[in-house]
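Both of the next two complexes hold chain A, though its partner changes from chain B to chain C.
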Partner chain A sequence: MKDLVLKSFDATRLRREIWDKVMVVVLFLCAACVLFILFIILWHLIARGLSSLNPAFFTHLPKAVGESGGGMANAIIGTFVLLLLAVGVGVPLGLGAGVYLSEYAHQRFAQTVRFMTDVLNGVPSIVFGIFSYTVCVLPMKSFSAVSGGFALGLMMIPMITRTSEQFVKMVPHQLREAGLALGLPKWRVITGIILPSAIGGIMTGIMVALARVAGETAPLLFTAFGNLHYTQSLMQPIAAIPLQIFNYAVSPYSDWHRQAWAGALVLIVIVFIINIWAQYFVYSRKRWSAGK
Partner chain B sequence: MNTNGRIEVKNLNFYYGNYQALKNVSMTVEPHQIVAMIGPSGCGKSTLIRIFNRMCDLIPSTRVEGKVLIDGKDIYTKDTDVVSLRRKVGMVFQKSTPFPKSIYDNVAYGLKIIGIKDHRVLNETVEKCLRRSALWDEVKDHLGKSALSLSGGQQQRLCIARAIAVDPEIILMDEPCSALDPIATARIEELMAALKDEYTIVIVTHNMQQAARVSDKTAFLMHGQLIEYNKTTDFFTNPSNKITEDYITGRFG
Partner chain C sequence: MSRHDTSDLIFRRVLAAFPITVLIIVAGIFFELVYSSLPSLHKFGIGFLYHSIWNPVEENFGALPFIYGTCVTSLVALLLAIPIGVGAAIYLVEYAPVKVSRVISTLVDLLAAIPSVIYGLWGIFVLVPFMRNVVQPFLGKYFGFLPLFQGPNYGIGMLAASVMLAIIIVPFIISVSREVIAAVPFVYKESAYALGATRWEALSNIVLSYGKAGILGAVILALGRAIGEVMAVTMIIGNDPKIALSLFSPGYTLASVIANEFAEADFPMYLSALIEIALVLFLVAIIVNILARLLIWSVTGAQSAEAVK
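Moving on to the complex of A and B:
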């Protein structure tokens, strides 16, 4: 029996080794493909957008129809404002729900909520826009920054809920017990011990969600709406880079097309910078924990 | 010397669902004594000490029968304030559990959350507790460093400092040395001897030498029953029960 096994092992050896190699190559090609696609997109953006990226792009308002020059200063600010509003809506709700699911909820309820968040995650982004239009824009009788931030914030909720639940759950059980055994009320254990332990993962989750909504156009179409000047109040329409890109891209002017590319490039860089900043935050916390 | 910190257990039964983990346990722990709990794995040592600070409440569908009195007060009545009970009955775990905070904040946290904000008081308490737990000299120059950067033995002493910072009467220790090397273990044992005049200590250990070294009384549990509970010297030299004798001479377990 032992002989037989050994023999068939030998007989299949060549085949095994070939398959091993083939699999490595296939997987490598997949990875290379991913990189390649990303690279192509970036290259495209840089090739077409870079020429329009001058100081004026960041400091000037858009020019009137057909005129060349001008910039996206208002849209850049608008995107930051909208993202801030979105974080204000999405983070407390998403994080709160995630913590509740992990720490308090009964199985049945938790499962229901989890299922709903998955459904919510799959809802087309324009639906969030329509919803925000119905509950914010119509009653307030005006497009507004608030309604846009609200729509984006809602979109962030399911993602943040799921990631925070996961990372909060991963905090070792002993740590909770240690907190409770010290006579801390449960909410203190959560805010003072569990959340700081899970902060790295939670931050990453928030960043992923933020990066996803930063480029959304559809939910802003009839909420933030966009404009061509600086917005004075959160109750008024506000510009956003994706909206501006959209408007420019569908226009017939080649200068606007170039600006649209530049806008996309700036958007990616903004997301990139926010991410780097978050990573740095997580990294420096880790380093501190390790005593460096 | 205060005389608080007495634990009385009367006819205690404890159930995980249908499984009875403790059977009719009765014992009294006198103030300022060190009581060691020994017994084979799964006999209910952890379960028993977790009943003293109601940590067993955290597991759903558990049930307690009988009485547990701390300083004469039943801790399993409806109006028992679990949070203040746990402040009175501190706990140190097998795996050290520093909070993801600085060394200073680990010790100060328990005080901060009961509303003590005065920095002088906090500083004094932190220093006092770190000195009592024999950690001060090693950490005094970097109190702001993360507690997670300490060694296992240091972390365990930090956990003891953290436990005594909220001024408990009783400290429960569940195998506090089982992850430590002999030197770190020796330090914890010295520390226990030093803490005895202020606190009652109940320690679970698998190390019989340790039980013999540190404790005033030793309790031997098996299959959820308290087989023998006696002064440590008598317990090890002259066990009154055949099973105890078999256990401590290593004939099983």
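Moving on to the complex of A and C:
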């Protein structure tokens, strides 16, 4: 009787342990599957991108349909112009809101603003495009770089607000108190002591937000619109790498497809560089706090 | 002292303009969308949401095909992404050595940073041919008795879009689930081990049930991403406003119809109908986000939920 119980106990134990081992493998395969997909995508990007990339890509304008060669010089410049405009919209609003939330806001107002930035964060990118279309493109009666930069800038606000609030809050209280004890008004303490101390973290937030909008296409479709030439004025349509990739990818010409792959490689390199650069700011901030 | 007070007051007032502007922008987006879609709201009323005919030529607009396409692709994407994403998250938190886990997490973040237009490009030239030559013939051969896997095989279509969406949302599911799973107090696992549970039993019975709400939050957040995804879907779903049962057939989503037709909407009612679709997207996104955040907070606490992007 006792043997029987032990035997059946052993059998269950064995079954449970086998099941346990099987699940380790299954879970590992889940993680491996995700990595596999990442590598496949990166491999295609690098292989097809590198084989299509040449110096002309960075220096020449797009060629007309049927002619091979040409490049995306206008789109590369366009993307940087749009990002600059986006920074002009997103950074003051996000940073100002973040600092106010951390230093001055009443609890309820702060919560409302935080909630609204969360809402903004979840809004699909295409909605920003439409909003910018109705408030910028329609009144100005033209697609323009400004409207594209405006749409991208709005998308940066939630991230920048959230990170600046967090990093400003992390500045040690002693620093504030030291400033106030010297008789500085609070605004001098904020601009002279708190912001310089928190700048590393804030920059990281800005860069991450920038990396995120750098690859956005949907908000630019009916704002920046794209342009096959260099843009002379910010009130005119402007090219951007993501837009160009999209237009080329859905076209039926194999030469444009090659251009799209080259553009994709350049775009992903830009996005990754901005992301890595962002990490640098956090580390420099850490050095600062370790050194104090 | 009073000099300080005035300068402080001015600074404070000026600074307050920024958060107020942010509030105005959010409200502005909502009102602008409502205002611009008024003609369509008046003409079609609530029927806009359940009429299945989308015919710009006859000025007859119903959004059902897009709602259907969005629901189907998002749900199939979730079905594919949830097991893989949650499984990978469990592996990273519970099994993988810390260093390996950190490297993989960085790589997963890399996946999340890829712009959607690049996913779309990859989708057109790699995923779609793969679906056409390998996956869909296989499904048609062995599961062809299901109406889901019947009909002509173009490669582009709702199944390809769903797979694409699954790849796009998997990093979000992994990073939020990871946080939720890591937040489960260790004592619960220890007590399970003390009772003789194997590692998997402790995980499935204790950790997953404790973190249920949070993982559901992660899933809903991912759903929000899937619903709002534009470029990758537009490029491979086929953009055809019809309601077909088969996943092989081309479809259309709310976000992709705006991207695809907005530029050619050359009369006010067409534009208004498209903006009403954007309004629907906006409202769905808000609801989904609020729901997800409440669920994630319930597990990890408000503090760490702030880190969730």
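Everything below uses one rule, namely that the second predicted complex is superposed on the first by the 231 of 292 C-alpha atoms of A that agree within 3 Å, B and C clash if a C-alpha of one lies under 4 Å from a C-alpha of the other, contacts with A are read in each partner's own complex, and residues count from 1 in each chain.
Throughout what follows, a contact is a pair of C-beta atoms (placed from the backbone, for glycine too) under 8 Å apart; a residue touches a chain by one contact, two chains touch by 3 or more.
Note that the structure is a prediction, hence the values are computed from the model and not measured.
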Now for A:T217: first (chain B), second (chain C), both, or neither, which partner does it touch? second
Between chain B and chain C, more extensive residue contact with chain A: C
Looking at A:P185 after the superposition, I want to know if it touches chain B, chain C, both of them or none. Which is it: first, second, both, neither? both
First, second, both or neither for A:L50, with chain B first and chain C second: neither
Which partner does A:V99 contact after superposing on A: first (chain B), second (chain C), both, neither? second
What is the contact status of A:F272 with respect to chain B (first) and chain C (second): first, second, both, or neither? second
Touching partner for A:P196 - first (chain B), second (chain C), both, neither: first
Once chain A of both complexes is superposed, is A:W19 in touch with chain B (first), chain C (second), both, or neither? second
Doubly contacted chain A residues - partners chain C and chain B: 185
Residues of chain C that touch chain A when the two form their complex: 4-5, 7-8, 11-12, 15-19, 21-23, 25-26, 28-29, 32-33, 36, 83-88, 90-92, 94-96, 104, 107-108, 110-111, 113-122, 124-126, 167, 170-171, 174, 198-201, 203, 224, 227-231, 235, 255, 258-259, 262-263, 275, 278, 281-282, 285-286, 288-290, 293, 306, 309
In the complex, the residues of chain A that touch chain C are 16-17, 19-20, 23-24, 26-31, 33-35, 37-38, 40-41, 44-45, 48, 92-93, 95-97, 99-101, 103-105, 109, 112-113, 116-128, 130-131, 133-135, 154, 157, 159, 161-162, 166, 185-187, 190, 211-212, 214-218, 221-222, 242, 245-246, 249-250, 257, 260-261, 264, 267-268, 271-272, 275
Footprint of chain B on chain A - complex, ascending: 172, 174-175, 177-185, 188, 192-193, 196-197, 288-292
Okay, in this complex, where on chain B does chain A touch? 53, 55, 58, 83-88, 90-91, 93, 95, 97, 99-101, 109-110, 113, 145-146, 148-150, 159, 162-163, 166
